[in-house]
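To keep things simple, chains are lettered A, B and C as they appear, and every chain counts its residues starting from 1.
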Amino acid sequence: MITRSVGPNRRRNDMIWNMVAWVVLLMLALPAFWIIITAFRPNIEINTFPPVWIPRRLTLEAYANMFGLNPDVQQRVAVEAYLRNSLLASGLSTVIAVSLGTLAGYAFARFRFRFHTTLFLGIMLSRAVPGVALSLPLFLLFNRVGLTNNVLGLAFVYVAVNIPFTAWLMDGFFRQIPTELTESAYIDGCGHWSAFWRIELPLSLPGLATAAIFAFLAAWNEFQIVSVLARNNAAKTFPPGLFAFTEQFTVDWRGMAAMSVIMMVPAVIFVILVQRNLVSGLTFGAVKG
Amino acid sequence: MVANSNSPLGKGAAARLVEVSRIEAGFFPFALILPAVILILLVVGFPLLYSLYVSFTPYELLKPNSLNFTVARALRNYQKLLNDDIFWRSLLNTIVFLAVTVNLSYVLSMALSQLLARVTVGQSVLRTLLMVPMMFAPILVGMQFRWFFNANVGLVNNFLISVGLIQEQGQIAWLVDVPLGMITIIIASIWMNIPVMTIILLAGTLSLPTETFEAAEVDGASGWQKFRFITFPLLAPFSYIALTIMSLDIARAFDIVRIMTDGGPARRTEMLWTYITRLAIEDTKFGLGSAMSWITVFLSVLFTLYFFRQLVKARIVR
Amino acid sequence: MLRKLFLTLVMLALVSAFAVSAQDEAQYAGLDMDLSGINIKMANIGGGQYEVMYDAISIFEEATGATVEIVALLDGFSMDQKLKVDFATGAADYDVAWDHTSFVAQYTPFLLPLQDYFSEDELAPFSPAILDAATIDGNLYLIPRHADVSPIHYRKDLYEDEAIAAAYMDATGEALTVPTTLEQIDRQARFFVENGHSTLGYTLAGKEEALTGRFYEMHFASGGSLFDENYEPAFNDEIGVAVAELLASWYADGVIPSDTTSLLWDGVAQYFCNNDVAIKLEWYGWYAYFQDADSCAVAGNFGLARGFTGLSVGGDAVRPSGWAGAHAFSVPATAPNPQAGVQLIKFLSSERVAYEEALLGFLPTRGDVWDRVIADASDAENPLDRERLELARIQVGEDFKTPPLIAEWIPFSNIFYPHLQAIILGDVGAQEGLDAAAAETREMMADAGYY
């Protein structure tokens, strides 16, 4: 789209654009670097005045404290419980949400049926309901059936919350597969299901990966619902864990940074893994034809 | 649809957008959708109806007998809210917050996407940098900015003192003063929104047809004119995708507000979400909290519906 | 002569008897019942400081044959939420629950009255003021474990410097002494800040119940009362306005930090720790932290004094401040084994366990434990260790004052503190803000059925 007629002017402009872009994006990413560095600094460097900008020493103290390896520090954080609950709720809900969302997305992309638009819009709008609003009745209802403080109950909620966006993404992906492929499969004697299962699903695997990562991260990062449903460490995930930490130790910035770094690990892995798919997944998957 | 000649993103046919012809298949598609619909009805639909019922009762968690519906008292919670200054204040704050955040996020993402489209050195590194804020949970975004803007040991004040812009005694209370409290929350939200929006707009920009720009160049169009009359209109569907996705996630800003100011001080940054939490969870007034929840549900759905409609319209025009 | 000798002998005998009994081992209690086969469930507050208690539990299990199962370990506020939810939903299936004097009023319909389970002798060692706070409508709902209250903390260097004292004398015409009244604190704090002796004059937590509590404390010390006898809001009286105006002027004049309204306990403690604050009320619990030279610049440079008396606008009614509370144990009404739960409470609040916990720095709620820890501290390296305990004993015994024991304390606080914040920040005037808070409070109390 940007034509590059070669000339000294053009080249100088290019250089300026490049420099500006680098400066802007480094500034955008700066906070993350700061958090990571803080997690590994001695406390005295963090709260001191005048500020120490460049770390003089790096240490694993924050993690030793967090995992209870430091006998002098009694502040113990249930990181293991948060990790277990987060992995369980996010993993389980992702598998189910992506399965069901893919089926729905396929139906919307491939077939003509009554209430097509209404159903699609209805499913999408269910996602627009704020977590705060949903958390109150869910709490009351789950209380009756003993699902509060329960990771499985939480995963159940996350499945429903994650279906709409998965369906949207997958709808877009299936749309890119030419209908002729399906039709020729029918001619070869495939039923609807086996055409989907044997031909179209394998073609949509990159889309599936993108959808799975979005679902996983949405569950991993969710705060509003879990903070109401989970009242103790049996079901608390990282976000309410971090929140409780900030409420309890309001000035232990290093402890918060250390916990944040742990919490960011899966996000970092996933974002790097699917960088390319993410871009195409978000745009082409999202444009409805 | 959006024409696509040289998208570097999905080299080859897979990236082409085609208008699909859909197949008739009787009940099969319903069978595919049914599990999803059932789950959504169970976890979203039914609870919302239940909360509508609760919103018509004076229910308080610690008074189990208060969960009963009487016609005379049915609208009391809603009346209370309409007469509640704090409710109106939180509604106003929420609207201001949404308007500023959505517009600024969009403008900044658009600028950033145009900038990135011109980059020739280190594209993939820059794209990874762009995705850094995506690695942060909203609650983390809030924690991080609460620390940066802390008056006593915060990065921002430390920096301003280091470069001599303010004195040690004159530390700026970022999270307290008006309108700095709102501004810091908005900065945090924009930082969180930028990556996804920019990615979508960048992908859109890169997929635009080169020929149009070449023709414009021959006609002597300036850079701004090319953007204003070619890029911007052609990007409309992508803009609406970005805005729709953002509208779905906008309530996540609650996490940021909750951890940064929790609506305070003195309700200066109170928003609908924080006020619901205060009413329902802290004061255990589930009836009143549910009434307010319903108002936010209504607003959120309206918001998403608006962008979704624009998205559909933009597609039809193409 | 003979009479005098006799009296001396009696005195000596008494003193030695006292000394001997003080040397005696502190005793456990509650081990005298066979509870074989009973599984006692307990929901409790968590945290490393409570390890001693869990070590002791095995002794209880061995002696009685019961097993003790900890079903929840949470911080205080999460515990409060859990208890509310469990009580409301009938899910409190444990025999012992953590409790607190500031929270207990919300739970009373769901708790077992304990007065019939304890003899007078068993209750005698506990501080009467705390037992008062544990008694609602004639029923004893909790057995205290340890208490907390706030003395004045002040920076010694400011009061030992003759040049500062002379300048203060010149400026105000009074000698610079450790303050005993709120007005003295006001004058001194301003003086220290205006003349650059201290970055800040005073600090206080500025949000949530922490702010409400500190206001309540100043208001109370000035002779006021948040509610009148009919539970009508009374905090918007002349005294309340004076206190609120004092706080607002402190904020406007930079006596307290610019981010006061964002601060909770750790935040205000941090300021004092950094040697930035001249005077403040602070909980005894922070003592070990402030004395740790590795983390606090103020270590070794502070002294303690009894809480201030309030503003003179209260006239003869002014009294020492003493916002206080006690951690405690309760038995839920739905407990499956209430008697066994009571036995466990007797054990956990016994002289021996309480003493071992007091050695960690907690303020005891039992007189016998006070005697022991003060005797222990008499040969401490730092004389402040002993002064602190003696002062704390006076405050717990005489000044201990809980907030109103009503279930609406937290809902009231949630209404009140944003209004007070608005006054402090200068958004509204003191009278106007307190009147608005009073109107809202009245509506809430009316809804709750008070009038």
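Operating definition for what follows: a contact is a pair of C-beta atoms (placed from the backbone, for glycine too) under 8 Å apart; a residue touches a chain by one contact, two chains touch by 3 or more.
As the structure is a prediction and not an experimental result, all values here were calculated from the model.
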Worksheet item: Most contacts: which chain pair?
Response: A-B
Response to the item:
If chain centres are mean C-alpha positions, then the most distant from chain A is chain C
Item to complete: Starting from the mean Cα coordinates of chain A and chain C, work out the distance between those two points in Å.
Response: 43
Worksheet item: Between chain A and chain B, what's the gap in Å when you average each chain's C-alpha atoms?
Response: 15
Item to complete: Among the residues of chain C, pick out those that touch two or more other chains and give their numbers.
Response: 81, 85, 267, 270
Practice prompt. Name the residues of chain A that each touch 2 or more other chains.
Written response: 47, 251
Item to complete: Would you give the residues of chain B that are in contact with at least 2 other chains, written as numbers and ranges?
Response: 168, 281
Discussion item. Residue numbers of chain B touching chain A in their complex, please.
Written reply: 1-2, 9-10, 14-25, 28-30, 32-33, 35-37, 39-40, 42-48, 50-51, 54, 112, 115-122, 124, 126-140, 143-148, 153, 155, 158-159, 161-162, 168, 191, 194, 196, 199-200, 202-210, 213-214, 217, 231, 237-238, 241, 245, 247-248, 251-252, 254-255, 258-259, 273, 276-277, 280-281, 286, 289-290, 293-294, 296-297, 300-301, 303-305, 308, 311-312, 315
Worksheet item: Which chain C residues qualify as touching chain A in the complex?
Response: 47-49, 51, 72-75, 77-78, 81-82, 85, 89, 263-267, 270, 274, 295
Response to the item:
In the complex, the residues of chain B that touch chain C are 61-62, 64, 150-152, 168-169, 171-173, 175-176, 261-262, 264-268, 278, 281-284
Worksheet item: Tell me, which parts of chain C touch chain B in their complex?
Response: 81, 84-85, 87-88, 106, 199, 206-207, 254, 257-259, 261-262, 267, 270-271, 407, 410-411, 414, 418-419, 421-422, 424-425, 427
Response to the item:
In the complex, the residues of chain A that touch chain B are 1-3, 14, 17-18, 20-22, 24-26, 28-29, 31-32, 34-35, 46-47, 49-51, 53, 100-101, 103-104, 106-113, 119, 121, 123-134, 136-138, 140-141, 156-157, 159-161, 163-165, 167, 175-176, 178-179, 182-183, 192-193, 217, 220-221, 223-224, 228, 238-239, 242-243, 246, 251, 253, 256, 260, 263-264, 267-268, 271-272, 275-276, 278-280, 282-284, 286-289
